[in-house]
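Following are the structures in question.
Note that subunit A is present in both complexes that follow, paired respectively with subunit B and with subunit C.
Up next is the complex of A and B:
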């Protein structure tokens, strides 16, 4: 056998290469089965950036479905609660172009919270069924109320209310939530020498 | 002599301290009203313990600490709680925050205080409890609750206890005069703190621009093991981390606490407050505040009650609002502009600065960063301010964090040296806040995601359960149909069977029970319901009487009517039972009510009696009377034996006599009947 191979180097090379091919093929095949990843990891990463308001303004029933749609190639500018910052983060992650928010799906608003005018609530439970994060408390024929700390401000509860007793109110700024804003930097005056500012203007 | 180290960077701004050092500390007196914000410290706001209208005494606790990192609040003088509401507070945002407002009565009467003790007599737990109870928050400016800082984790070894008397910021002299006038108290307080943290050494650090304070401290510390360390003046050597580096040469690690490298640091003002709390039981209700700037005619230091409006102090110092363009709380480097002179002094207010426009001009417009690097040379935290500036401006907060944004102490040295007048500190503050906000948002999003997923899971589970139940029902119905088909030959379907059953039932009713029984039931029911109504009506009447209602007359007639109805119903039932004696006798009352049963039995008995012949009646009557007579005689004998009262014996005797007579009459009647 060895003699045969020594006499026919071409055959030896052929056998060696085929052998290597088979061995590495088997290894890769095994790895593909053994280290298989369940689901699409990019969907999880996209979902982590989405604000999880579950508001459905993007046209998908929740944030995860939209994350899946983005992974499948949909535009990244359909999430108003995430705003421009969210679009930037998505663009960064997916290496896509930063595009402005699609106005068709709504505008970027200040964070809101649902408020039920409790005197007017008739206890129909419709808003409870609509709330995607179980943030409304109540029972049939009993007054309902919103657990403010759990509310995502998605306003899905507003539409089903038969007596229209739910308001979306912007979240109050308090001493705890207030913070310094970046100094105003108008693009014209910021990076110009003070003595030249007058001429430029 | 202690080795003095140096820290990186730092600046030498004009000190401007002499203006306010001309006179000793002056008592600011009691203003008409005090406004005490519930959040004067880092951590959770305090929780009020008093209500509007309550009278409070000086030193009385009016709000309690909420949670571990928090501090209580005490009434700075005696008076009445005027309001607990949102008032404007000293905060760069200009927002309102919950405050307790006290109308002072001017009596300044103290609440009862514990007897003064020397701290050596107390154990460490008591000392710490007293500090916590006194609501002391760090008085250097940050306002971290002192008891939290001193309550070290078990096993922490403290090498050095540092008392911070540096006061490096221009204009401010509150700690300087405190050290001059109350050096013995500071030393005593330092000893108390040393007792708590058990350090290897205790050092009071003072800058060399306060010679009088240094002299006073040296005299007070004579004979104790407390060292007085003096080092060159440089801003910001009073920063906790900078002071630690100056005195020990060690750097606090990024994101770490001084305790991690075996150091605890407290301000001199805090030290004095600790002494008062521990040895005299006095809570933190006043502090020393510098009022200075060219817009006040007499810049000086005041001993001021917490909650005093700034305007009160300004007035005492001769404030000229015309000269002043903006009021600053704190110093010119780290202070902030207050929105209104009416805001109150809080535990951390060390200075009120009322500068003229010439003294502290408004910043000229910012120009482009020229990358000169002066800021990096000045930064006491060895950061790269210009890099942080670019990142903050470009909203690249992640990169800013990588460049240790959170190690910035916001001292303002970089802005001070910046030739382009860029408000660098504001960029860093905003960037820090943005990062924290993003973290909070991410947390909230994660929380919402979990809740959403839990809800989805629940809905799916419920749907699956419903589906499973539906399938099970379907299967059971099929099985039944199959069984019925097998056993019953196939023709009988369930509907037919049900119709059959209904028919059979009807037939049985028609055949079995006569109509009479249902009639009697009706009558009985009528009696029962009427009785219930009567009871209800009487109850109503009783309550109406007790309440003196005007409907008494109407209710009375109602009761009368119901009573008549009841009598009629009873009569009807009785008549019916007389007519159908057979039915009445073994008829159990429909209701399970025991009283009702007894009534029914009595009625039945009456009916049975009515149906008896006169002879039988007479015999029964006689028998009954004889039984009663026997009972009465027995009772009489008993009473005599027991020696009862004469009255009772007499009554018994007369009743026996009467029964004897009636028995005799009955016997006569019976005989007559028998004869007849």
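Up next is the complex of A and C:
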């Protein structure tokens, strides 16, 4: 076999290159199956940081579509419910710069819950259809109410209510919702260096 | 034996540093050195690819091309080997570390065109390295590349906030810094 190939260098070259190609192709094919990835895993990590209010203030229909848009390169400062802490977590995950919240998409507010003044409710079900997380309970011509533990405080139900009987009230602090007030975002190391340079000059 | 390999390693890392002395692999050196973290990711990916590609091309040459008298096909076969190793690395990184995959982005496939990788494979032949020597030479080259890439990235992070005159900002001061690093690495000449 080897002698035959040595006598026909062209054949040898062809067989060698084709053989290499086939072997490597098989290896890559195996690797493609062995290391298959479903979807884009980074989207899941971004989605886990987003607050899951499904409020749509970022201009996307929900948190997951926004996570996909961020993975595709969109700015990370369009999520008011996530606030500055959310932006910092995203910047850390994606190795991007920390940028202030884009005011165009809303301001950072304290966590809120919707409250329906039940004696004014006419049972029109419009708020039930608007709620992205199914946190409003009720039926047609019957009074509705909000399941507080499910409400994300997105205020999407306030707009459609024909009798304006929905209030957004700040969430009551309980042992479950209380957390440390984070300190104001620490001075960036870059600023320190720049200031030092200024003092030295 | 041990001394031989340590000399080979030191030679590849410091004395004949692939980036600063032989000027191979300059594109990722300038391109991925803006952030320390990215530079580290790129270093790891390149280290893996360079070591593996160096060993694989050595095997390909000695067990396929040489017996068949096809030495003239070495360049094209090595490119094939490198492309496959890079593809393989990309799949593994994508599976194991999505974030690193995201951060490396276009630079991961670009390792294919990193001339240092092909350079190491061809230099192995010129220097008649055996399999183990190729492995060490490739690893040494990769460590040297990683070392200067990380050092350079650290400097560029400082340069980004330094008071650089406007005409020198950005790539210009990067090039100047790289040149000075290269001058400094010339100091290792004659060490082995």
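Keep in mind that, in the parts below, the second predicted complex is superposed on the first by the 147 of 201 C-alpha atoms of A that agree within 3 Å, B and C clash if a C-alpha of one lies under 4 Å from a C-alpha of the other, contacts with A are read in each partner's own complex, and residues count from 1 in each chain.
One rule holds in what follows: a residue touches a chain if its C-beta (ideal position, glycine included) is under 8 Å from a C-beta of that chain, and two chains touch if they have at least 3 such contacts.
Every value quoted in this text rests on a predicted model; they were computed, and no experiment measured them.
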First (subunit B), second (subunit C), both or neither touched by A:9: second
Touching partner for A:63 - first (subunit B), second (subunit C), both, neither: first
Which superposed partner A:51 touches (first subunit B, second subunit C, both, neither): first
Subunit B versus subunit C as contact partner of A:72, first or second or both or neither: neither
Subunit B versus subunit C as contact partner of A:132, first or second or both or neither: first
Partner chain in contact with A:93 - subunit B first, subunit C second, else both or neither: second
Touched partner set for A:20, first subunit B, second subunit C, both or neither: second
Which of subunit B and subunit C A:31 touches, first, second, both or neither: second
Common ground on subunit A, meaning residues reached by subunit C in one complex and by subunit B in the other: 190, 193-194, 197
Complex contacts: residues of subunit A adjacent to subunit B: 47-48, 50-54, 62-63, 85, 132-135, 150, 152, 173-175, 178-183, 185, 189-194, 197
Partner subunit A, residues of subunit B touching it in the complex: 39, 89, 91-93, 95, 97, 364-368, 392-393, 395, 423, 426-427, 429-431, 433-434, 436-437, 441-442, 444-449, 451-452, 454-456
Subunit C-touching residues of subunit A, taken from the complex the two chains share: 2, 5-6, 9, 12-13, 16-17, 19-21, 24, 27-28, 31-32, 35-37, 40-42, 45, 71, 93-95, 190, 193-194, 197, 201
Contacting residues of subunit C [partner subunit A, same complex]: 35, 37-38, 60, 64-65, 67-70, 73, 76-77, 80-81, 84, 87-88, 91-92, 94-95, 98-99, 101-103, 158, 160-163
